[in-house]
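Got some structures for you, see below.
First chain A sits with chain B, and in the next complex the same chain sits with chain C.
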Partner chain A sequence: MMENLYDVVIVGGGPAGLSAAYSAYKNGAKKILVLERDREPGGILQQCIHNGFGLHHFKEELTGPGYAHRCMELVKDKPEIEILVDTMVLDVQADKTVIAVNPEKGLMTIKGKTIILTMGCRERTRGAIRIPGERPAGVFTAGAAQRMVNMEGYLPGKKIVILGSGDIGLIMARRMSLEGCKVQAVLEICPFSNGLTRNIVQCLKDYDIPLYLSHTITKIKGKGRVEGITAAKVDDKMQIIPGSEFDIDCDTLLLSVGLIPENELSRGLKLKMHPLTNGPIVDQHRETSVEGIFAAGNVVHVHDLVDFVSEEAEIAGKYAAITAIGSIGAKTQDVEIQPGEGIRTCVPQHIAVSEAGETVRLFMRVRQPMRKVGGGEMLFTKMLPVAKPSEMIAVNLPAEKIEQINGTIQVVIKEV
Partner chain B sequence: MNASEKADVVIIGGGVTGTAILRELSKYELKCILVEKELDIASETTKANSAILHAGFDAKQGSMKAKMNVAGNRLYHELKQELDLDIEWTGSLVVATDAVEMETVKELFTRGRENSVEGLEIWSAEQVLKTEPNLSQEVKGALWAPTAGVCWPFGMAIAFAENAVINGAEIVRNCTVEGLDVVDGKICGVRTSQGTIKAKYVINAAGVHADEISRLAGDNSFTIHPRKGEYVLFDKTAREQMVKGIIFPTPSKTSKGILVCTTTHGNTFVGPNAQDMDDDDKEDTAVTPQGMQEILSSARKLLPNIPVGAAITEFSGIRAVSSTGDFILGESEKVSGLIQAAGIQSPGLTSAPAIAEYITSIVLKKEPDIQKKANFKRNRPKHKMFHRLSHEEQAELVRENKLYGRVICRCETITEGEIMDAIHRPCGGCTVDGVKRRTRAGMGRCQGGFCGPRITQILSRELGIPVTAVRKESADSQMFYEKDQKNGGNA
Partner chain C sequence: MAVEKKVLTCITCPIGCEITAELTDGVITSVVGNSCPRGEKYTREELTAPRRMLTSTVRLEGGRMSLLPVVSEKTLPKEKILSCAEALRSVRVKAPIKEGTVICENILGLGVNIIASRDMERV
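Our next item is the complex of A and B:
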């Protein structure tokens, strides 16, 4: 077994892991290791061959592999940064020992002064939402189908129904159309789409693909291979309206019904988790409840844009590096951030205030779609034309405002 | 298979009953062939059931079910060692929530003793809640049966099959029985989709289709009625909120009821309900909204706080309910040489080894000169499971074979080495679900989302077939299709 001490060990080589590695390097870490389970770094970006990435972070529009390439360019040829691919992390311990395995190096025991968790997220499956019916071939999560089409060169089927209007579902509706498949419908149980507006327009409207809002699937048909589905309308409590059922012919059902932060290692570490983000609770430096263990990207909370993943990972990389080579500095107080009216989640969940005085950026998601939102007489307010659950809201909280806080702040959103 | 083969015994059906019989017969100097209509064994009722080794207090005193259950349960102790079976002797509780149910629990205690079930105890509510603290506070008491256990059901059938093949038996999959040849009231051959097999004995272990097979030989003395049972399976992360063993409600006249139960891998399931299907509807394994609601609301009476969000899959299986109300075991009264192992519903999994001994004894009685094989191999080689090894053992294994260092199924930590072993072992996995049943790859929380496509590609590579020829389970369950080159081809 190889045993080595690193300043920063990063679990996951997607955009979060690579951005964290670069940031840790820029902030003085001398020995950084990135562990990636796939055959190359870049994470899910490698299968996202569409454009629309990077407008915030790289100030130009890139494809997924293009974005991944930019991240790779920043970390390559740097003796301080080592990347191991085809490597699965089996266990992370609170003393910052990492057990990993790969075919060439075997089982490895690695020590980090700090660790950054950047494992990303996975897709919710059929079983998790309990779709009734048979269990034939031809039911895939949209991301699994995307990888098969874009990276492996096979089609999941020819006649497609998509359940869920999350961005991957919408992107796959367009992708399958471009491959000559017939996309019969996209069904969404909510009365609003869960994808970005631009994807509704560019992926569905431009291809005449019908979007059925407030609809779900009541049966998957077909014993060996999918032969069709039964759809039904739901009421405002998301209960099926009897008599509203109708059949749609298809050989494939793609699911885009939500993403879940992939926190098996975090649970093994017994990190304090947040019940709504499904990720570890972090402070503004993205340090978790275990000292020296940081987390960033979709493992903390599911992001809408990879640009924000990189931004968050750079924060984690910076403070992991500072912690590894010195100290962040004494904490003067801990401010808890509570999601109030209209807000579902806010990251970070708390601020470890120090004398350094820093601006903290809050990333929030609202509970439901809203128009013209803002606040009243408050510590700090921001006005927005619209707010949607599918889009993150970012607000900078200046250091001088943080100094005025005593104990707790609430973040709220209201239509004005 | 050759167009015309000859065997002493042909077994129809590769479920746990058929494979257990095959393994038992493979101890003797007999040529035995098992035919299975699906692409793989253990892919029907054996794959979708409660995975419980019952103690034996349910079945009516004196019934075949009662005898086979208690005997089968005992036989599994030795088989676990010989065949490296996945069994945990957790014990089971039948829980009463009122005084009337408590009376039934006491009746079960008495019946269990008459069935020679060992170690039965009546427990107080305090004892029950001490062992299973998540159960309802309404619990009044329970029947404790320490000899019950949980197992990996398809793993058993696969183990029986592998060991039988090692001992010279033959298994032909994707082989549908189309007719049975009977001359002068005596069976003499099996006509299949892959040719005819001449046979002295035919053992009917065709599960839900056993009545149809029997009719092919002219024996219509019984029917098999399909009764569906649905299940919801939960992620391992929910275990703390669940149960440690097997929890039955107090049974009704028709069913053992909807139970909450752990598995050998730390998941938990609830189910099954009991839905009588039309007699010609033996293939409908769809799960229904009503069924899922029924099992979840029933299970909540035992376990009030079920973490529904932690569900990872739902499935259903078909019970083969016989018209006699009991297992049908023995030679047909109409056709000599046709031996029935039919109507094997619960406790069929538990009974399988005892049924195998019983059916074998019938053959041996008719063939008194048959000798035991001198070189019979009792043990099945251990199949390594990476995630169950210590870090030291894992390191050693990867040094021996580096494919054990590549994790394919991320949820269950199943390596490429294990998948290769599953494909290339005797009667190996040749479908995505076949690999799943041999390794657990795809049984975790992502349900094969990540690893399904990769296993498809490994099967393609190892079997030397195109990706488009790989099947999930049945012959018509194609996984992936070629791209249409007009539309960009392989981008």
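Our next item is the complex of A and C:
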């Protein structure tokens, strides 16, 4: 059916999908479809009611729903952009056929000239970290609890322990305190916090919530309902130190132990995946290993700032549109970007260099916290006052520098 | 003359600058480490009268969800945050609501309005 042929089909209507749609529209795509499985677009932002979003992208401080609203304002009332909610994508095929289902239209077969994958990520659960003990009610992921408290109107419990100091866990520590709950402790297995420093200050210190670094949970207690947990200190190899155990009383345990890019569709497509980001390998245009299939946002690598998600999705949207209506242009060389000393991951993983020349922004994560970092004798170097694994680093690589590369570059980070 | 150093993390934006303030006899004499003017403003405020934004929810009737997210228009005194959050727990509103609508005017007489964070259609 011809009416089901789109220039760009976008899987996921969160901040990445909406930003990609707007960018595809701005760059000339005439028929854009966004498929969203939830009852409304906006993705996870709708439950992130706290503020602090948008300072980079929209130049104003917004709440999560506020940021989502700005994204939706950009795409609404445009005949070129169609958004289908309550729609689950079941399969994406390499010939750019998308199989989706929704309660009104039933099973749909949609064809895109290009596709952008913006499925985001989901939370690691208790099963993913194997906590021993009973299996009582009252163990939730922090994000599930966030949805309950901020959207559905339920409190998951009254006396809370949070495992993991990721941002969602910290934000939930404050949120539960504001709702009159007692947050007993936040436990973090790493010797450093995995959340933004500002969240340690405004979510934990403000509410006198203790943060136990180098600690984990060795036991969940309770038959029908959580009654408490046993915590223990870990050594520098993250092994439990015998004798360091102590009990904390609680009726609820929230887990904020990491996010996993949601890549079932990418795997179905047999996209080349990166073992550390757990997302598809992409070039600077966010094109995956399958031509015409792009990916952006948390599905590529987990971000700490939604502003960077939007930025990345705009790149994907732009080049998906250009590919759909024409061509990006022949590449002259493919440059691989290898994470070197100190760097855990870098996106994009490679640069498809073309004659046009363009500045490429690299998004990196360091392995461990560092101070006063830079490079030295290098192609290109940037100094930073601090570097933390929880905070993504972005560096612009100018076009004239990319021209000097032959084959591979390494990105390294050193304390100077 | 008592000179005192205080190190704090700016919470104005996600960069989270580590700022060192020097106080002489309790008066701030220098602020270093901030990468923008908001960092200095934050430091001065934090050391004298700390303020915070408040985000929470209020009960909603007639909408697709049972809650409406709300945000303070400006920062509130930090020590009043918990009592403001408590005050919001008894507030009830009806859909439809537009983003920015005042949900609670001049909360606890602190001169700050609480406004809706999003639109909520009537269903």
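We adopt the following convention: the second predicted complex is superposed on the first by the 413 of 416 C-alpha atoms of A that agree within 3 Å, B and C clash if a C-alpha of one lies under 4 Å from a C-alpha of the other, contacts with A are read in each partner's own complex, and residues count from 1 in each chain.
By definition in this document, contacts are C-beta pairs under 8 Å (C-beta built on N, C-alpha and C of every residue); 3 or more make two chains touch, one makes a residue touch a chain.
Since the structure is predicted, the reported quantities are computational estimates derived from the model, not experimental observations.
Legend: residue contacts after superposition of the two complexes on their common chain; A:68 is shown touching chain C, with no touch to chain B. By the document's definition of touching, neither partner reaches A:381: not chain B, not chain C. When the two structures are aligned on the shared chain, A:152 is found in touch with chain B and with chain C.
Legend: residue contacts after superposition of the two complexes on their common chain; A:134 is shown touching chain B, with no touch to chain C. With both structures placed on the common chain, the touch criterion links A:244 to neither chain B nor chain C.
By the touch criterion defined above, A:37 reaches chain B but does not reach chain C. Of the two partner chains, chain C is the only one that A:198 touches; chain B does not reach it.
By the touch criterion defined above, A:51 lies against chain C but remains apart from chain B after alignment on the C-alpha atoms of chain A. By the touch criterion stated above, A:180 is placed in contact with chain B and with chain C alike. Chain A residues 49, 149-150, 152-153, 178-180 lie at the interface with chain B in one structure and with chain C in the other. Residues of chain C touching chain A in their complex: 8-14, 16-18, 52-57, 59, 64-67, 69-71, 78, 81-82, 85-86, 89, 99, 117-119. Residue ranges of chain A in contact with chain C, taken from their complex: 39-40, 46, 49-52, 55, 61, 63-66, 68-69, 149-153, 177-180, 196-198, 200-202, 206, 304-305, 385-386, 391. Interface residues of chain B facing chain A in the complex, by the touch rule stated above, are 232-233, 237, 283-289, 291-292, 309, 311-315, 391, 394-395, 398-399, 402-403, 405-407, 410-411, 413, 416, 445-447, 449-450, 452-453, 457, 467-468, 471-484, 486-491. Residues 1, 37, 49, 86, 88, 90, 99, 101-107, 109, 122-123, 125-128, 130, 132-137, 140-141, 143-144, 147-150, 152-158, 178-180, 218-220, 223-225, 240, 264, 267 of chain A are the ones touching chain B in the complex.
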